[in-house]
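What follows is a pair of complexes built around subunit A, which joins subunit B in one and subunit C in the other.
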Partner chain A sequence: MGRILIVDDTLFMRTLLKNILFAGGHDIVGEAGDGDEAIAKYQELKPDLVTMDIVMPKMNGIEALKGIRAHDPNAKVIMCTAVGQEQMVKLAIKTGAKGYIVKPFQAPKVLEEIKNVIGT
Partner chain B sequence: MSDLDTYRALYVAESRENHETIVKNFLILERGLDKAAIDEIFRSAHSLKGMSASMGFSMMERVCHAMEDVFQQIRNGTLKITQALVDHLLVASDDIEQMLDDIEGGGEGTIEGVIEHVATLKGHVGGTPPDGLNEPRAEVTLSTPPREESTSNLALAGEMSGPVYTVKVRLSAACDNKNIRGMIVLQNIEEIGRIIRVIPSRETVEDDNGFEGTFEVTLASDAGEEAISGAASGTDVEEAAVSSCTVYPGAPSVQAEAAHEGRAAPDTRKERTEKTEKGREVKNIRVDITRLDQMMNLIEDLVINRGRITQIAKKYQIKELDETLSMVGRSVSDLQNLMMNIRMIPLSVIFNRFPRTVRDIALREGKEVEFNIVGGDTELDRSVMDGLNDPLLHLIRNAIDHGIERADDRERAGKPRCGNLCLSARRDRDNVIIEIADDGGGIRADRVIAKAIERGLVTPEAAASMEKEAVYDFLFQAGFSTADTITDLSGRGVGLDVVRTALQSLKGTIHVESTLGEGTRFELILPPTMAIVDVMMVRINSRRCAIPVANIVEVASLSDDRIHSVGSRETILMRDEVLLLDRLEDMFGSSVLSEILVVLQHQERKRSIAVDVIEGQQEVVIKPLGQIVGICRGISGVTIPGDGEVVPVLDVKSIVREN
Partner chain C sequence: MTEVPVKVEKDGAWVVAKVDIGKEGLAFGPPIDLEVKYKSIIDLDERKNVLFITVKGEREIVLRVASVEKVLLVLKKMITMSCSAYRLMAYFMSPAVRGGVMITSAIWEKGAIAVLKSGIWFVSQEKQVCVPLQEVTGIEMTTREVQAKKVEVVKIDHMEGSEVVTSFVLCPLSTLQILFNFLKDATKHMEMGEGQVVDPQAAQVGMLVYSGMDSLAIEKMLQITHKDLEGIYERLLKIGLIEVMFIRREVQLTPKGVRYITDAVKPPGQ
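And now, the complex of A and B:
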């Protein structure tokens, strides 16, 4: 099971995801509310995986993804996406994201994706 | 849903914040195009949509989705902001507010009319781009990797050689998005080998909406069959069959593939290192307000029982007990102060609702109003804050309806066309002062007097010598209005008296100042908190009562020779001042022992009362009278001191004002 950093600008989504991941046996090592914070927390906590929201204030998820990969080219980041964000997700994948999960989150799908990404 | 009920409170709290952000930025947009405001609305609508979908509140999700679409197009520059659009957006935002109320009350956020409103919003969007293509174009362009990077990536891939394999991949039918999943699989394969060919083409796999989820990749890799199979497997991959390939595809394919390569090698990208803030931990938590109220009640009980123990300790005179009690006393005081601070919330919580109100009223009244808020960070106890919304709303409505003139009239009077309304708050020693000032026409004192004479409130003779402040005081009389016509908003004569009553129940006061032609300023003075008060315990006719220390000017002995009769009333001459003496007989019965005089003051008015004995001073918790008792003249509430007796607290304000 992995050490995970959750990045989302809403406490609600972070809590929802945290509970899903926790129930799936993962450790939530940190949370961040925007891209800046995500990069700082990544360097500090060195998590196994990051779940990254796309639309966030200050710095969006794609920029944060770039920032994280600039520090750690092997960083495993999966994007949290909603319907209508396909182009952004593709951009994220091209930028180095390893996977994606779709809102509203379905626990089994989320856990499967995380298992697969951490396993690679 | 039941699982999600635990998230409901969090959902509502966070959604309200997002909703407030949306409304605030709508009003900014109305004044002109503002990119930051558009981005913020888009983000908030997007967050709200996501949260609502997670909670299963589909109606809310639809409204937010429509709003998000609108702002997507505004961001792209394909939709212009018009007055009609802003109006429709505000209707939608009202819907959101109502739905949140419903959800907070345990509902699903279903209210009337939403579907029509969503349809109206969608009407503005018109030719919505197909799903998936409506993401911000600017950002996509921004992130397209430069050409030379793909070349270096290709060069990197070129270094990898080895046996050639074909991988047949089949994605599951339940896959959310086959293009993206295909893209991930190709990327994973690429990390361990060099892709020589993809069938159908890579474009089809990654971008074609018609892509059905089956593709074949030819690659050269040293990693071995197992590793390739691992790389190609993953979420949504139903089958990833790897086989050795003996037929080496020709160079042109590589070239074709290379030409297609528009990908970045993420590892080689050197992004600017962002300034990072280390150690920024979550320092705030959310607490349900009812829990704070419960805690406050418990602390109040603790304060009461501390008083009780102190009294018991006095009786037994045990040194150790006294010492311990003094320690407990200190902790309780600290706890009490801390709790007071926790309960303080910034005034911006209610101030932020008003820009919208001002806009609506001004629009309806056909007036131009610039609204400013100052000092929204000033803090007040939540219990005081609760009762403040309505009085402030009344005053703001009055200012726009009666105060600020129409643009043409203002121009004629040599003023700027746009009126100014300022809502400000500041802390002044122990009080919080809120001001509502407009630069309108001011209060016509002559009309107020005329109306007062007409209603028989004052004689023309008395009116002639009245101070300005006394004249304005008529405005706070029930049913008093100088407006000639009754409008939708004000002029019905309900208003200022309601405002004053509401403020009195909050232990606050209101003053008005006005200059004809220049404007009016209402000043509200409020105690920052009202729960715990310093009182003097006295006995009148041997019954106990508490008087707030803040209202006591002085205490003196009462000898018969100091009492003078003026008409049928008893008065006292104190420091060249004649004060009415009130024995409060209607409240406590007549006492023969009254030997002490207590001078009370509220604002400028003073009055003296006679009491039997003063028992001491202490901090008490004032509990309001319950609904069963209702309003009781002269009593503002009750308190329970150490001995457990229920003691009334004098309402000095009403006693002083009585004739």
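And now, the complex of A and C:
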């Protein structure tokens, strides 16, 4: 089971993911509401995995992914996108994201994806 | 002709028979003794490794056929490619998203789409995917980038067991529009009616149910009471957005129960 940092600008989505991951036996080490905070928390908490929303205020998820990977090239980040953001997904692939979750999502599949990514 | 063993339902029981898979149709040997031309097949459905083949004749019959996966694959391919259906050549990607997780290995497959009475089939050299119309949860015309070009595709969301699966279909625009209109029409009953409004909190509840949260988790997450949640469920039930799976009981101990538990935890001999 992994130590996970959840990054999303909405409290609702953070709480939802937190519930799903906690029920799946993961340890939620921190939460961030924007890209800047995500990079700072990553450096501070050194989680096994980050779930990263793409559309966020201040710094978006792609920029935050770049920032995290500049600090740790082996960082495992799963991007969280809304339907219709396939362009962003392509960009995230190039930037080094390890997985992609499309909102709305179902708990068992999210846990499966996280298990796959943490295991790599 | 290829002869393969299958099980066919006859008078409520499964019987073993052989079927010749020919170019024009299927010939079931004894004890079924039936010839079925592909052109007379008007519907095909698959549920848990059983094919439901609807044959038009003097009276419509539904043949239930079970076999090993390899045989079913051949049967499905022959039937979907030759039966009485609207067919179009297309590229499809199915599944592209499963339960909200993007399938990174998903690829565009060249094949055909057969539109039958109860569902549509994606058929390629390697696989046949059935999307029953009653399992379709959403249809949308959208754009995807294919080989560095933005193209129009039809996005189909459908249920596969308890999972929500997204598939994409790509074909010439005029055909795509026909497919989109057909699916839109076939799933019209799922659209929200006039005056069917979902308030923001009920929408949040819906989202949590989608994600697999149970009632207790929903109450905790949204910090609402059991009574509040019951009210929201009632509203969602009324407009057909949810259905009751089962009713879980919350209980408390009776005085007899309290006495039993108190006694049960006493050390032996006391």
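To be clear about the criterion, the second predicted complex is superposed on the first by the 120 of 120 C-alpha atoms of A that agree within 3 Å, B and C clash if a C-alpha of one lies under 4 Å from a C-alpha of the other, contacts with A are read in each partner's own complex, and residues count from 1 in each chain.
Following the convention adopted for this analysis, a contact is a pair of C-beta atoms (placed from the backbone, for glycine too) under 8 Å apart; a residue touches a chain by one contact, two chains touch by 3 or more.
The structure displayed is predicted, hence computed values, not measured ones.
Three-chain overlay on subunit A, with subunit B and subunit C in a clash. Note on subunit A: of its two partners subunit C and subunit B, the one contacting more of its residues is B. In the superposed model, A:P104 lies in contact with both subunit B and subunit C. By the touch criterion defined above, A:E113 lies against subunit B and subunit C together after alignment on the C-alpha atoms of chain A.
Shared-chain residue A:Q43: touches subunit B; no touch with subunit C. In the superposed pair of complexes, A:V55 makes contact with subunit B only, with no contact to subunit C. Of the two partner chains placed by superposition, subunit B and subunit C are both touched by A:K90. Only one segment of subunit C in 97-105, 115-123 or 259-267 runs into subunit B in the superposed model, and that segment is 97-105.
On subunit A, the patch touched by subunit B and the patch touched by subunit C overlap at residues 12, 15-16, 84, 86-87, 89-90, 93, 99-100, 102-105, 109, 112-113.
For subunit C in complex with subunit A, the residues that touch the partner chain are 97-102, 104, 142, 144-145, 162-164, 166, 204, 207-208, 210-213, 217, 221. Of all residues in subunit A, those touching subunit C in their complex are 12, 15-16, 19-20, 23, 84, 86-87, 89-90, 93, 99-110, 112-113.
In the complex of the two chains, the subunit A residues touching subunit B come out as 9-13, 15-16, 31, 35-37, 39-40, 43-44, 55-57, 59-60, 62, 66-67, 69-71, 73, 82-91, 93-96, 98-100, 102-105, 109, 112-113, 116-117, 120.
Here subunit B touches subunit A in the complex through residues 7, 10-11, 14-15, 18, 40, 42-43, 46-47, 49-51, 53-54, 56, 68, 131-135, 139-140, 143, 145, 176-177, 179-180, 183-184, 187-188, 206-207, 230-231, 233-235, 263-264, 266-267, 269-280, 282, 286, going by the rule given at the top.
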